[in-house]
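Given below, in the form of structure tokens, are the structures.
The two complexes that follow have subunit A in common; it is paired with subunit B in the first and with subunit C in the second.
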Partner chain A sequence: MLSQIAYEWPEFATYYNWVFLAGAAGTTLALSALGVILGSVFGLLLAVARISDGRLLLPLRVLAFAFTEIFRRVPFLVTLMLAFFGFQIFFSDVPLFVVAAVTTTFIASAFLSEIIRGGLNSVHRNQWEAAEAMNFSQLQTIRHVILPQAWRVILPPAFGFFVMFIKDTALASQIGVVELTYAAKVLNNKGFSAALAFGVVLLIYFAISYPLARLGAALEIRLAPSRHHRP
Partner chain B sequence: MHHLDITGLEARYGKNTVLSGIDLSVARGDVIGLIGPSGSGKSTILRVVMGLLPPVSGSVKLDGQPVDYAKAADVRRLRDRIAIVFQQYNLFQNMSVLQNVTITPTKIKKRPKAEVEEEARVLLAKVGLGDKLDSYPDQLSGGQQQRVAIARALALRPEILLLDEVTAALDPELVSEVLDSIRVLANEGMTMMIVSHEMGFIREVASRVVFMASGKIVETGPAAQIFDAPTQPRTQDFVSKILRH
Partner chain C sequence: MGYVLQYGQIWPYLPRLLDGAWLALQIAVLAFCGGLLIGTLGAAIKSFGPRWLSMIVGAYVTFFTNTPQLVQIFFLYFALPDAGILLSSFNAVLLGMTLNAGAYLTEIQRAGFESSRRSELEASEVLGFSRLQQIRYVILPHVAQVLFPPLSNHFIIMTLGTSMAAVFGVEELTGQALNINSMTFRSIEVFTVTAGIYVVLTLIASVLLAAFGRFAFRARTKLI
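And now, the complex of A and B:
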């Protein structure tokens, strides 16, 4: 296999192929980043909506509940296909990347909302009560008291999800988005061996996800106050 | 006019009636000692007054003004004037001692930070924790945490202070340091309602003692009356049991 790769290498390592791969890596990175960043923001909003109380906010709670339960349960690929055909019917000129980005953001939001909600719920009730007795609003309580204590519980599964999620963006290749997996298939079809085409892509995936995992570990130390790590 | 006027107060946890027909008037500067067996509703009175458990019926008046617990604005106004110290301290675990004391005055009451911090240092020194400003709650003993909780409540500049079994979770050795802090407040004329099992302490600081059982007030009177010459059989029974120890 190695001699095969060495034999193909000079032809593979052309300027054109690198530009093609770089573009595809950019798409994967963008899909991942959008999912991770927007997903975290919307996930936090959904989680806060779900733990809110008061009759006025009931519709919001129901909506947030339905959203998370649906998008966590439907397979990624099915959601992607539905979004793809839905967009085709109503906005046919929307770029494929946008379809994929919207879908990944939806799914990331749903999963992260549950992770964040679990973290918020892990903080002892007496913290809420103390804040309430001192006239904190619910949002002030979450911001100053609950969320800072919840990071410890939220971060490990959230970054676990991010790493999984980057790999899942490969599914966007199924609707024709030219991301890394799609690019590997194209190169494979052009005659390069699967070992080479997918091997190179594997390394690029690793290069995207490894720093993210490191960032997670660093954030855990920075944000999670415990007996051992103080900010 | 009474500082705090409670009439016909009734409260439930689910279907359990935990308070029925509570009438209690607290004058300015009064120190009310609430005693009674576990589950008699002592702590619940404090929780209802604080708006942490909505009453089913009855009224609470603060300086003669009725408080409508269904109205958020009413509850906010009340919480601006009454502070509570919890049995389990409930300090914010993610904040240092100083932050615990300053967060509400600065972030919620929007008072100037420098002034609040200065005041917090004085308060913490007063409860004997001037050297623990940067410690976190989990680095402190129970007695120290409880004194931080008292300083945190005082930083709100309350007119009335509610103390919910503030020594119940403490080692006997730590009890006296917390009681010393409260004694100072009583001498300064702070209106207080103290739920406690420390009978000796209640006898010493309380201007009036309220004995409760099964969600009702059984007997009210000066400490000397309740402890030495109770008129109700239920009170006599309770007092004879606790004084034997």
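And now, the complex of A and C:
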């Protein structure tokens, strides 16, 4: 295996292959970043919908609850297939990247809404009551009182989710989005041995994910020290 | 446009989907048990083992938790034959999921081991507990209670992760769904039913695990 890789390496390590892989890595990052950015917007809306009160908003609460529970319990691949065939039926000529980005947004919304809800709930009950006593509306309370305190709790796990999500987007290769995993398949089909193609892509994923994971760990220690029991 | 949902066409295939769900569950349980074995060993080594061994385990954990499971299985399935190791698709998926689970479960369990407090151990020593008694009555109950929720959570994640096996042609739930899709072309129907089965399957698993955890270890698992 190793001698094979050494034999193929000069052929493999050409300028255009690296450009191709760099572009694919960009797509992987864009896919997960887009999903997480849009997902945190929708996730916040879902979280706020779930902690809203009043009888009138009950359907909203139920809907938000169903959305988060369902999309957290359906595998990425199945959601992807649903989006893929759904788009095919109702729209023509949608770029595959958009299909994958819609999927990542849906899934990220569901997961991030749980993270954000946990953060909002972590703020002490007294703060909510004090804001209510000062005649803040619920949205004002969240905007001016809760979020400024909760973001420290929300950010570390949300960032951790982003790092995890980069690896999950590997499944987008199954509908033909040209991201890192798909690039590996293309290079493999071009005749490079699987060990070389998939090995290099594994290392690229590692090079992306590892520094971000370290950053996330540092973020957690910095932002939410109370949750860390240091010896 | 003008797509009419026809669930009637795929009801005859429902038993195949349920067979697939059963296989998915089997893969998840097998990989989880294997992963638990690796994870327990790994966590024990990282907490109590010699430094060089714990560095090797650390490298394993770091590598497997920072690369996608799908590409790991691709590597096992397509690259290992070059080295003379031929794995069937099922075995490749199982091995990949086990190794991946082992890495995550090492991390989870290490955190659990560290949660058993020094002072508790010292207190039990004062009370005259032997080493074995300490493990049996002080460390294990505590660790089990702390570890059960994240472990059952990871089991649910792995159950969803088994859908990856479809990529390699294993006929578990998603694999069956893809087959039925190509036979009937009722894509939306097939995949909504599949998604529903996954939701029901993981909900049942979550409820059972939470009930078991509360009964056996007094572990409080947040269900919703």
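Going forward, the second predicted complex is superposed on the first by the 202 of 231 C-alpha atoms of A that agree within 3 Å, B and C clash if a C-alpha of one lies under 4 Å from a C-alpha of the other, contacts with A are read in each partner's own complex, and residues count from 1 in each chain.
Rule of thumb we're sticking to: a contact is a pair of C-beta atoms (placed from the backbone, for glycine too) under 8 Å apart; a residue touches a chain by one contact, two chains touch by 3 or more.
On a predicted model such as this, the values are computed, not experimentally measured, just so you know.
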item: Fit or clash between subunit C and subunit B when superposed on subunit A; value: fit
item: Which superposed partner A:N121 touches (first subunit B, second subunit C, both, neither); value: neither
item: First, second, both or neither for A:S52, with subunit B first and subunit C second; value: neither
item: Superposed model, angle subtended at subunit A by subunit C and subunit B (C-alpha, nearest 10 degrees); value: 100
item: First, second, both or neither for A:Q138, with subunit B first and subunit C second; value: neither
item: Subunit C versus subunit B, contacts on subunit A by residue; value: C
item: Which superposed partner A:M1 touches (first subunit B, second subunit C, both, neither); value: second
item: Smallest distance from any CA atom of subunit C to any CA atom of subunit B, in Å, after fitting; value: 24
item: Shared subunit A surface residues [contacts with subunit B and with subunit C]; value: none
item: Residue ranges of subunit A touching subunit C (in the complex, touch as defined); value: 1, 4, 65, 69-70, 73-79, 81-82, 85-86, 88-90, 167-168, 170-171, 173-174, 180-181, 184-185, 188, 193-195, 198-199, 201-202, 205-206, 209-210, 213
item: Subunit C to subunit A touching residues, read off their complex; value: 1, 3, 62-63, 65-72, 74-75, 78-79, 81-83, 156, 160-164, 166-167, 174, 177-178, 181, 187-188, 191-192, 194-195, 198-199, 202-203, 224
item: Of all residues in subunit B, those that touch subunit A in their complex; value: 50-52, 76, 79-80, 83-84, 86, 88, 90-94, 103-104, 107-109, 136, 138, 156
item: Residues on subunit A engaged by subunit B in the complex (per definition of touch); value: 126-127, 129-136, 140, 144-145, 148-149, 225, 227, 230
